[in-house]
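The following pair of complexes shares a single chain, chain A, combined with chain B in the former and chain C in the latter.
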Partner chain A sequence: MNFDPRYSSRSFASVGTRPIRPDGVDKVTGRARYGADFNMAGQLVGRVLRSPHAHATIRKIDTSKAEKLPGVKAVITAADLPDLTDGDAAMYDILDNCMARKKALYDGHAVAAVAAVDARTATQALKLIEVDYEVLPHVTDVDEAMKHSAPVLNDSIFTEGVEEKPTKPSNVTKRSQYGHGDVREGFAQADYVVERSFKTEQTHQGYIEPHACVASVSSDGTADLWVCTQGHFVYRQHCAQLLGMEASKLRVTSSEIGGGFGGKTHVWAEPVALALSRKAGRPVKLVMTRDEVFRASGPTSATSIDVKIGARKDGTITAAEATLRYSCGPYAGMWAELGAMTAFACYKLDNVKTVGYEVLVNRPKTAAYRAPSAPMAAFAVESAVDELAKEIGMDPVEFRIRNAAQEGTRSSYGPVYGPIGIGPTLEAAKNHPHMKAPLGKNQGRGMACGFWFNFGGQTCTDLNIGMDGSVSLAVGTVDVGGSRASLSLVAAEELGIAYEQVKAVVADTSSLGYNDMTDGSRGTFSSSMATISAARNAIKVLRERAAQMWDVPVDDVVWEKGHAIAKGEKYGNLAALSLKEIAAASGKTGGPIAGHSELVADGAGVSFATHICDIEVDPETGATRVLRYTVVQDAGKAVHPTYVEGQYQGGAAQGIGWALNEEYIYAKDGRLQNAGFLDYRIPVCSDLPMIDTQILEIPNPNHPYGVRGVGETSIVPPLAAIANAVSNAAGVRMTHIPMSPPRVLAAIEAERGG
Partner chain B sequence: MAGVAVSTTINGDNVEYLCQPDETLLDVLRDRLGLTGAKEGCGTGDCGACSIILDDRLVCSCLVLGAEAEGRRVETIEGMAHGDKLHPLQQKFLEHAALQCGICTPGFLIAAKDLLAKNPDPTEEEIRFGLAGNLCRCTGYDKIVRAVQDAASVMKGA
Partner chain C sequence: MRYIRPLSMEDAVGQLAGSSGTAAILAGGSDLLVRMKGGFIEPDLIVDIKAIDGLGEIRETAEGFSIGAAVSCALMGESVALNREWPGVVEAAKLIGSKQVQGRCTIVGNLCNASPAADSVPALVAAAARALIIGPGGRRTVPVEAVPTGPGKTSLAKGEIIEAILLDRRAPRSGDAYLRFIPRTEMDIAVVSAGVNLTLDEQGVVKSARVSLGAVAPTVLLVEEAAEALIGRKLDEAALERLAKVCSGACRPIDDKRGTVEFRRKVAGVLARRAATTAYARAGGK
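Moving on to the complex of A and B:
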């Protein structure tokens, strides 16, 4: 395949327009089928028994009474999911998280499951399962878990990444370090140094659709799984490995997905549903309750971060340093490492050092949440940057512009940047009317920058041209927010046909080659690249067929605006052949016309954003209100600008919730206190203003149309932008997120008292 | 447990079903009647994804028992369009891209329909408070509010 993914400047006919999405009507009429909307004949209802303890040894599980209850068709424990992970530590952790083996490691950890004829019987059966626990000391706070006195969750963990191998196990699974230059020398050159410590609490992605699946294992060893997921191919691999199946015998169909934001990239219930179905010999539907989603799916890390930044009087940063501690739940992760990589990525720094510590705690296993780990690091760094600008006496935007990374800058995490958008987003923010709008009493303005890597990954796509000239586009990247519309636009663009002529579907795992998850903001970036490649392969066939129809050499046939044209004066009388005409004749010219593509979409362009917000603080109660919010972000090329705006607005709104309200609250007994939407309060319509957006387009050189991922970066700046605004409004630096009314009030009172 | 016989009206059609005394109307709609447009996001009345209209009143169907529908009128998302003609709210949600994942959309449409029935010319603030019982995690609500504003002006003109 001679596909050239490099960017070349062009004018667009379809890309950049804003048509209605192809899955839209089904979604406004209630017809679209999500995870819990699918049923099979004879299906059973699955339910999971969960540990009420934060940390406990499981001495014994007695399922005999539950098994005898009429209507119960299967009861499983870890014994029904034998360890087939063959030394793969990450897979073992997934297995153990799906069903606790020796110890329950958090409140909500699955310990057994049942399948019964109805929900009532299944719930009754759970009550008949007797689990003998030996309750152990627990730890849920990231700083507490690092202390030598903390209970150790896993005594086979010895900190990796330290020079001398530790002699004792601990909760710190890994130390990672990034940076370059000499920070000690850099700080010696500084006229001003700001040093601060910050904390952020654990939040959940908060997708409105709980995890749901229907599993059907047949006695011939084949199986079907219908599930809401961000990556059905990855789910197939994980489930097949954990259940000892060949991947090709497990067909996974991704349903419509009711939000994921990183949280539907991990299997939890699916291997359990398959094991139940295998044991019962019938299909099993397993749907989590909201309480289970909070207690037992994957929230983000809680963090504790120290930042130190130094600058000269002229506003040049001379050194920057951060130590980042991220909670991982009870299993190893690379969350602090991602924080350490992203922390200073916006800036051009000669001397920079970041150190990350991955910390085990008795909380659910951390999962990705939109630009995972970056928002917390940005909160700490961008707060310190604001303070430093203030100390120097510089405008915070000017200070950032002065130190912003540029093309050719060596990033704090290693690579040298190509063309990037941090400078342009800052300039756009500086010139935005929002920056000049007047503020009232108790109101403050804040701004902050954010970075995300973006990802490409393995992608496989089929494009089939029907005999009527309509185009079926089969992609393997789950559509989480409108990508079928953007990919249809790309197919239409490349083929030179109307958007309405293309129908995009997300194919199941038996119909298409492997695709990575829709994560890392890769959906539209990678799948559009694969669509372009598939379309170009189809165009090659279309040209061949036209050449055959005309009986001319194929090299004389070009493809323009949806038509084959014979180039050259000698062909002056040949009327152009449309895609439709060539398709109609395909039965006589060699059969079906299709284009296929399989590629690794390298070169995902990094993404930057700058956010501005105005906050009003009530000094009597500590309550806050978001008055105005503006997002400026580089999209590379906005394929469907309305959905790009939607990503910017959605990320900002999630960031606002994280900054002001949302947090996991654990009691002293290690149990989660607010596992519901009443007490874990995500922003509602009346909490927010309109969210203004400005799309910048700095083409990604590694994509034919210049596309960059847009989904994640928008959640990186809000924590910091809002903290800067609240700090400016309240007159005191906020260092602990969320900035809930009690925390804001305490900070104001401490400042008054001091 | 013996089932309760219920006779009710759903989207204008007479419907009869048997349900358990402790079964929610949401479960009846989804599991017994195949009307899966109403979604269960929480089961505690906090997210509004299961919104329906019961005798002209907006309710969370997860907080209503199936048996309580006896003799009443139920409106669900499945009854919002007339044949293949979408309701103006449905059309404006599509045009404004007021949905990303779409799981909250049926609940928002039902809540917005109820809001406009009671207040045909709402201010932005009235829309925001009128829809505050419905959670959306994808959009930040901006495009939802604009779609409702646009639908309201179309419906006034009609």
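Moving on to the complex of A and C:
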């Protein structure tokens, strides 16, 4: 209701403090309930049968033996999930990914599922399902998949976005292009040009909690789903559509979440669990093993990127160009397009062109991973930027400052920037003590910048004031990083009460209006906007009730520091009414007091970061050690600075793992070789130094407090910052991520030999 | 599946020998339980040996040390005498898994799991450790390198159990060391590893040496030519270079998810050289 989201400068009482989060005690004592912690009476155990082949036609599936096994209550195949997607190609892909329909498209693709009385019976039943496969040639490498000779995954795919429609199907689903100016002219003006090619391997989000859900379908067609997700409203929409239900008949409750990072924005197991429950007539619990998590869920794209940048002697970039090829798994995506949009977003460029190619491969369906697609593009661009600075003979920070985008700059992906943080983060990095710290033998320093759009989206929040004056805040964005604490701070700020008086919960899908999922760094940005709006609506009611209690016109009542105050000399003898007093009287003044908000949170401010890191390389083994790491990032306004720092550190830690060791390794047969945390190497504690953080606050003009999303940008610079540091330490440019010891040693040996 | 917890070696051997189907011995369980949970194996009989008297002890004898089959690697780390005499063996045992795993896992389990990448095995081979085996036919002692015959395979006959690992008393001026390469700092599996065990004469010249390499062949390698490169010399640059070259040449590695052939060859030499330098210093060499 006439909510004005514009920023205005103000002082804060609660926002910016660091109280303990409301979910903290339960999490450290083990009381918190995660996806696999929900149980129901009579619940069955669900298990999924997965393709051992990278690419195969499914000729026939015989489930009769499994169905006869005592204790088996339901066996399903794609036939039990009929196609109800009505021409919606994206939903059809989700359906096909949940359960292969005609072809198994990757090692780990689900082909059938069972529900049985216990895990042992369910596992035995899987062994009794006979699948007749016709194994087809496969392709897992992004560059190989683009070749004319590559096996085509889907013969209905003709590349979109090219001038002439191709006559033959291919694995390239789409070409996209961004930029402005004339790059040919720009390169003609350059004194120096750097042109390099880079590769990055596929990584997984690596959340510690596997996908888990309990589905219970009633014989009247209504259903409940308890699930670990980043977006229970989206899961409801998708599951309802795939199972032919009305959304309101499916109630989805989100559990606590042991990490998602974009990987819990897709449904995989949930429609399968619902279909099993529907067939068995009993609740079904489906929990993925770690092996399944790696083989069938998650991963990000593997990429192959060419970059060309030219600059004048004075350090001004005259032209920048990139071609980005991103793997999508077996279904169309827009991953290369996101890479093409973000690649040069940090810079002020007259001539820029980026081209993205979406490429199908026999790997799991690519899912979002924290600022999806941006880290790989930044790795390629920021590596080339470092090389160019070196050729010109400029300090890499100075070179970036000279070319940094500013307010009013037309971004490489189109829009004109408002107030932004790239320049300030670079200046802060330049002046940071880390930049001046001495380096030892075999040690190198690297730095890099990163950008992410951020997102707002549909948001709905309820704020209810109890008769005792305590406040319940019901939000619909899943709390992935401390947002319940942040949103409680915001409610306390608006109402003028103590943080401890507010309790925030994530409401289920039947208790609140639709909310987009927690992605795009939108959780705190959008839900804080809705919370401010809801609180202001509640204050309006509180003022009305106070006016009623005093019998004065409501226009004479203002709200200050948690109290209604009657303004004017004639009210001089009226004592202020506290929120608690007004709440206590609410039963006699018109009933419960609440504030609601439904809005689309537009204007998520873009986000920039600059990272610095020091690496030591063992020149005899290629081993690397991260010695020091500093993150400088713009938060707009840090609502709860501790959790902002946590996001900065978390993104950097994941980026370090990606840069140095994490990768999907496929054998020639197209099977994943390292579907477990032993050989898919995320960093352990002792691999990481304390990650230092510096929060900058350049207010977002489109949020009342100036808040920007902070969750994703922190993973964008690390690949590049670490690659620059390793290259400086080893004396050779690293162009292939991860920089695992065998790759680093091979590069050092090649440099020595050459 | 049947689980038993015998109280004597004889009972354990009898149960194993008399069993039909697949049987597994449970000590720490850090390999067995993981493999069972992963669905890779489903033994018909599990013989838990932790209740057998004396199996959880490290005994000092006139000849040296007897480390019981149920002794955890963490317990080895706490033994002052073992640390003093065989620091290389102890550091290898204490590299396995994590702190929590080390509280459970045993070097006998590590040996019988027969992984070419086992951390404690190269150190034991370099130390000339022996395995005391008890079976239906009585007791026998074999060098530890005779136990694993290939990945996941051992020379133990049906009904046989390794009761203890035996280590000799140390001659004066002796030292051993173990190094492994992993991409992380802990919680990982060796990509390449090397164990070196040296005894010096009074002048600091290497009198005897044993050099072993892990994760570069189907079983741990005892590289005699590498030992010869050191014997009769002080640990000068030329000797170290020869050692590295011989070790790189002795490798028969494969390309796999953990490393390439080239990487393993090169790093085997580097690690052998570094382990030799440490062992030499521990032996009092200068």
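Just so it is clear, the second predicted complex is superposed on the first by the 754 of 754 C-alpha atoms of A that agree within 3 Å, B and C clash if a C-alpha of one lies under 4 Å from a C-alpha of the other, contacts with A are read in each partner's own complex, and residues count from 1 in each chain.
Convention: contacts are C-beta pairs under 8 Å (C-beta built on N, C-alpha and C of every residue); 3 or more make two chains touch, one makes a residue touch a chain.
A quick note: this is a predicted structure, and the numbers were derived from the prediction, not measured.
Looking at the superposed arrangement, the partner reaching more residues of chain A, out of chain B and chain C, is B. By the touch criterion defined above, A:Ala41 reaches neither chain B nor chain C. By the document's definition of touching, of the two partners only chain C reaches A:Asn661; chain B does not.
Once the two complexes are overlaid on the shared chain, A:Ser686 sits against chain B and chain C alike. In the superposition on chain A, contact is made by A:Gln673 with chain C only, not with chain B.
In the superposition on chain A, contact of A:Ile208 is made with chain B only, not with chain C. When the two complexes are overlaid on their common chain A, residue A:Gly622 makes contact with chain C while staying clear of chain B. Applying the stated contact rule after C-alpha superposition, one finds that A:Ala575 touches neither chain B nor chain C. In the superposed model, A:Leu745 makes contact with chain C only, not with chain B. Once both structures are placed on chain A, chain A residues 678, 683-684, 686-687 are touched by chain B and, in the other complex, by chain C. Within the complex formed with chain C, the chain A residues making contact are 123, 291, 620-623, 660-661, 665, 673-674, 678-679, 681, 683-684, 686-687, 740-742, 745-746, 749. Within the complex formed with chain A, the residues of chain B that make contact are 1, 20, 30, 35-44, 46-47, 49, 76-78, 80-81, 86, 90, 93-97, 99-106, 109, 124-125, 127-129, 131-145.
Those residues of chain C lying in contact with chain A across their complex are 38-39, 181, 183-189, 191, 256-260, 262-263, 266-267, 270. Those residues of chain A lying in contact with chain B across their complex are 18, 20-21, 23-25, 27-34, 36-37, 120, 205-210, 256-261, 287, 289-290, 480-482, 642-643, 645-647, 649-650, 652-654, 676-678, 682-688, 690-691.
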